[in-house]
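Structures for review follow.
Two complexes, one shared chain (chain A), two partners (chain B, chain C).
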Partner chain A sequence: MSAASGVVARFGLAGGGAALRVRFIGVIVFQLLLMAVFTLARPRFASWDNLQSVLFTAAILAMAAAGQTLVVLTGNLDLSVGSIMGATAYVVFDLTGTMPALGPWVVLIAVLIGLVLGAVNGFLVTTLQIPSIVATLGTLSVYRGFVSFYANAKEVTVGELPPWTRSLAAARVLGLSSYVWIAVVLVIAVGVMLRGMPWGRELYAYGSNPRAAYYYGLSSTRIVVTGYIGAGIIAAVVGLLLGAQVGNINSLLASGIEMQVLAAVVIGGVSIWGGSGSVYGAALGAVVLATINNGLVLLGVQEYYRLLFQGLAIVAAVAVDALVQRRVLRATRRRSVGVAA
Partner chain B sequence: MTGDPRPPRLRISRVSKHFEAVRALHDVSFDLAPGEVHALVGENGAGKSTLVGVITGLLEPDGGEVVLNGRPVHFRNPLQARAAGVAAVYQDPNLFPHLSVAENIATGRYPTSGPFLDRTTMVAQARARLEDLGFPLDPEQLVAGLTVAETQFVEIARAVDEDLQLLILDEPTSALTPGEASKLYDVVERLRAEGTTVIWISHRMEEIRELADSITVLRDGEHVRTAPAAELDDAEMIRLMVGRSVVLEQVARTEPLGPPRLEVENLTDPGVFEDVTFSVAEGEIVGVAGLVGAGRSEIAQAVFGLSPHLSGEVRIDGEPVVPRGPAAMVERGVAYLPEDRDAEGVIASMTIASNIALPSIRSLSRAGFMLRRKERELAARERTALSIKGEIDDLVSSLSGGNRQKVALARWLATEPRVLLLDEPTHGIDVGTKAQVHDMMRELARVRRMAILMVSSDLPEVLAVSDRVLVIARGRLVADLPIAEATSERILTHATAGAAR
Partner chain C sequence: MRTQRQRKLAGVSVIAIAGMILAACSTTAPTAPGDDSGSSSSAESSGGDSPNPADIKIFMAPKFTGLAYFEVARAGGEKAGSELGIDFQYIGSDKPETTEQIATLTNAVPQSPDALVVSAIDGDAVAPALKEAMGKGIKVVTYDADAAADARDLFINQLSYELAAKTMLDAALLNSPDGGLVAFISASPTAPNHTAHVKIMKELIDTDPAYSSLSYVDTVQFAGDDATKSQQLALDLIQAHPDLKVIISSSAVSAPAAEQAIINAGKAGQVWATGFALPSSVRDFIKSGDSVAFALWDPAELGYVATIAAYQLVTGEITTDPGTVIDAGDAGQYTVLEGGEVQYNKPLMFTADNIDDFDF
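Take a look at the complex of A and B:
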């Protein structure tokens, strides 16, 4: 047994093992390093105000990343997450403007929209067998196009938003934004579901080895579709929260966020090949990303440097994952060579 | 060998090759004369494919050497072998379906004019070569539209070169019709006349009789005999192929057989297998023997719902079932263990406990959440019962092949299926673990009352474990032998005779 597989065996964990744990610790170390550097360079980084702002950005990103994790674990992608967020926020708040009586039911409407849009993604990927990157690239445009059409170049203004959503967005609990707490609860809930429910186990099993999952009698369609539906619902709810915070909502809300969300998931160690990683890692990845963005702004770094740095972090994270993946594969292969050439 | 003063075209000298605990080739030596057709025979797993791999540079031998025309050669890959005039054509053609026939034939040796591909020359060369060989295919059509036989001819056209020294054909006729096969014979005759040596790997006696000048028999990775074809009759060849060094013990059964659990009637998958009828009783292990490619695995897979074009009837415990897919069949109490454990059998990146519990996760949960303590208890119990090496929290990727197979079996102990379909259950597993897996199978059948259908290429295994042996040849059930009447010779005679159309 090689050192690598030995370590892997000792730290065994469902769906990731030592690789996951080492990777997680690596991200924490990277985050601490970032914070140290930024604090030394700009002491203002460590101010309570600034950290709160970092956490707020991270909260939105972490929630969306939690949804994305459900899809990436199955070995797929959801590029339409930003469009689902924007579409839900616009449609729901447009409805509340005309029908204030809806009250908290708006959340249910958002969930329904997310469910349908997620199910469409899942249908395209499973039943029609379209590669997920293409399918969701398509729905990214379709969903966004639908909002533009629906919005007809108009905005939903702050006044149309239900007051309670505005006060929720502004609320503070124990000194932190309510959104940070919502994100913590959501991430833990998804984590507990993935770990504790049969459905979560199937998600990991399928992502890790679709062929074997098939022979186990698991339904790939059900697994992938539920992943997309989960991601859609979470994206819809996050869209609502983002809309409530922004106030004036146009049809471009949250456009382009899918890259940030994917970056968070990947930096957090969720394997882009599926089957490995955790929602906590993805949330941590969101914190790292938020820290990078905030720190570089404080340093007065130009926008393109920020993009450069963010891109490097993503590539480095995936390179590390590829390395881990190769090691695991090598250990697998070495022990399984058959008689046949 | 003979008094021929010329060096042999190819000399295999003391070649050995191991895969982990499995000895694939051991101290194999023999010579091939220039311009002869040399049949290489042996049971499945005798080491033929491994030997081909060693000759073509696909595999590196642990010891010994390969000598071509008197010069030792060490090909690092099949491309180097090709450059030296050694080519192999396998059962499953490896071509580029989206490219044309001419492009496939020219791969790696494209004619150019300046920096550009010379299409006209490429097509002309391909056409000339195909006509030379007697299969006039259109060189400009895509390989994707060809029949299996045609793709095989393209492969051969690709292999045949002006300076071809040695051509290896691995079961070349298994997918061919008689007419196509006789075309292939013509090509081989022509190559022989031109002085090319041909290694012909086959299980079909009549082919060997028709073509071979000499015959080499391999058994369990060892060289048994090389002789002129005239000196070996069929019975002697089969005897040499099966004569055994390893004997697996039978264990007499005390438990009675129950009523039929799995009944299959007139099962047909067009072009794969036809009109197969058999049954497996409660508590019974039925072995399925036959040559590689005869359609054995496909029958097991069809019962598990993996063939879309199936006709015929399948009954589980007397109830008709439509094998529509694995999920439906698992629900009906049918479990299937695929041959390729790592790619299809276990989820290597998950722990032993998770793998064992995976088919049972619904019964191990309450109110939608899994009861981790129960899951671990189950895994720990099965781990002990099967003496799986490693802790239940270890990843399956850290286990050896034998232990992975035990994990794969363990999960079915937990769900207790009614019918268990096993495909090469001990493929690539060392002898000690093999016996343990056999004991488990007996326990599953006799004590836990499952009906087990076991596809195996390992004849001693079939004889040691089965209560009855089905022999499949060319997609047809050609014999249904009670274990008392089954011998290696009889099984092999049925398997090879059935193969002779």
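Take a look at the complex of A and C:
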């Protein structure tokens, strides 16, 4: 604990804390700006009915982005997130179709699947030292291949889903979809764990400077693997929620969603170089994406422009990150020079 | 039994390939066709003088292999295959991507099938691969989604574009008898059938008195046969157009997903999604009363007719000349039209009255 916070204090957050805060505020400003523009163009955008719909479409993405953050903080990527979501949704709902007695225990099965798939990712990246982008590109394919094989081109149809999962997907609490509340709880829980638990501090410490973390006696393998396991478990549970939301589940569920998830994480200010950013930022990034999607449909804009717009937002976010990182580095360097003198 | 083993082999090879290359490449090549003679009935050889049916090899290549709709069509193709006693194989990638389909088709050519039965993701993009196959004497029959007209011999069209458009608008009116505003979700701008359906639906709403109670949102949204994307678009469309009544999609993924999104949003009974969907994926909606009607055709019979047509092209029983009649036995007789198009044209409308009659 103390070792970890020591590393953070010396090499990470403290030095460029201001710059990082600015980065987070930047996302909020960007979101407000988007909302202002869309409201001016289509006053309907600001209606409660529309805003709650935007939050609902953001919920799944926000949760998946929270999971991805655990990996990105260590300076790695998890491209297999969509495949983990799809595999879990298909397998679990296929099981409940044949064994309705499972009830809510299905969540436990999902957690188990996520744990195993996440651990495999972690193993490839740490023990086998495969660069994470390649390792998880591989598991993206392998996990998806597994579902295709398992599903055998069949669908789990909406009538086979346990009624309680469908009710959950359609439930509303205080005017918002239950998924929005689940996302809020999950994101805050992950946020609290990251800030308050030694494990969370270690993720930051390792990500901001793996070498320093090593000299402080932190096990890089343990940190990275637990990051992947956390991400895997969250992806699996989110997959379950997505399955219940979609209804008819085929082997392609959530394929390609990794790009959206990474976009949310990056736009939300989690540095792809690791070590900085917050899960709240990532969730906010998901809201930004959902806002862009919604606003452009409201404006009657074609799909191509949506992709263009989203791409620009990502590039802008990474460019700002690069700037912030340089700032942080300079601040840190100045301080170490000060210490030496 | 035999197909089960083949499938298993194919599945294992997917995983093996993916694992080895550690890349996004999982094209399922058909397993080596050396070990045949598995199926028992050596079939009645109808055309005694023409080549031995057992020597005829037909590959069916759907848009991609993960979709239940294509699996039903495959069953029809396999039925034709076993009746004819030919070597019928199902090939394809499990990703709905044009590049993957091009790879599948390109890899199929060296195995010298006698015919390819193809549903094209992108009609123009797969054309060069199909032309190469035709250049090697391979007959090409498209079903479900056509390729460029000069890159195939015949196109077995499930429903003429006009009939498809009318069927979907009829389904829309069954859901919302008073008509109202309609929005469209297509798979992609390069899916020729989806694009044609939407174009004709717009024309019909503009001109046909039967559909004058309908109006439409001009911008078409694209969901790429992805359920999540379809749901997000459905919700955003409902928000964009508060008076929206019906969302129509030619995609058997998008239509049911959009309906589920409507139900989740608590808007069932105010907005409806309809279009083409497998009865199994909409049975629940129709039984619960949240939806009144979805449409389709019998994909199994479509796959059957396409495979029969491919076989008869190979044996020379038929040509692609307009007026040629394809005799598909119990599945009916079909005449080749101008441009090599054959219209299957048997729409099915699923409602509470008949939804239990369908087992696919």
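One rule holds for everything that comes next: the second predicted complex is superposed on the first by the 314 of 341 C-alpha atoms of A that agree within 3 Å, B and C clash if a C-alpha of one lies under 4 Å from a C-alpha of the other, contacts with A are read in each partner's own complex, and residues count from 1 in each chain.
The definition used in the following text is that a residue touches a chain if its C-beta (ideal position, glycine included) is under 8 Å from a C-beta of that chain, and two chains touch if they have at least 3 such contacts.
Just so we're clear, the structure is a prediction, and the values are computed from it rather than from any experiment.
Engineer: Is A:Arg211 touching anything from chain B or chain C once the two structures are fitted on A? First, second, both or neither.
Structural biologist: Touch status of A:Arg211: first partner only.
Engineer: Kindly classify A:Leu137 by the partners it touches after superposition: chain B alone (first), chain C alone (second), both, or neither?
Structural biologist: The answer is second: A:Leu137 touches chain C but not chain B.
Engineer: Determine, for the superposed model, which of the two partners chain B and chain C contacts more residues of chain A.
Structural biologist: Between chain B and chain C, the winner on chain A residue contacts is C.
Engineer: Help me check something: in the complex, which residues belonging to chain A touch chain C?
Structural biologist: These residues of chain A touch chain C: 42, 44, 49-50, 53, 56-57, 60, 130, 134-135, 137-138, 140-142, 144-146, 148-149, 151-155, 157-159, 169-170, 172, 177, 242, 245-257, 290, 293-294, 297-298, 300-303.
Engineer: Across the complex, what residues on chain B touch chain A?
Structural biologist: Against chain A, chain B makes touches at 19-20, 22, 24, 45, 47, 49-50, 52-53, 58-59, 304, 326-327, 329-331, 336-338, 341-352, 354, 357-359, 361-362, 364-365, 368-370, 372, 390-391, 393-395, 397-401, 404, 411, 427-428.
Engineer: Inside the complex, what are the residues of chain C that reach chain A?
Structural biologist: Listed in rising order, the residues are 7, 11-12, 14-15, 18-19, 21-26, 64-68, 70-71, 74, 94-96, 189, 217-219, 221-222, 225-228, 231-233, 235-240, 242, 253, 256-257, 259-261, 263-266, 278, 280-281, 283-285, 287.
Engineer: Touching residues of chain A toward chain B in the complex: what are they?
Structural biologist: Touch list, chain A to chain B: 1, 5-6, 8-10, 12-17, 196-198, 201-202, 204-205, 208-209, 211-219, 275-276, 328, 331-333, 335-341.
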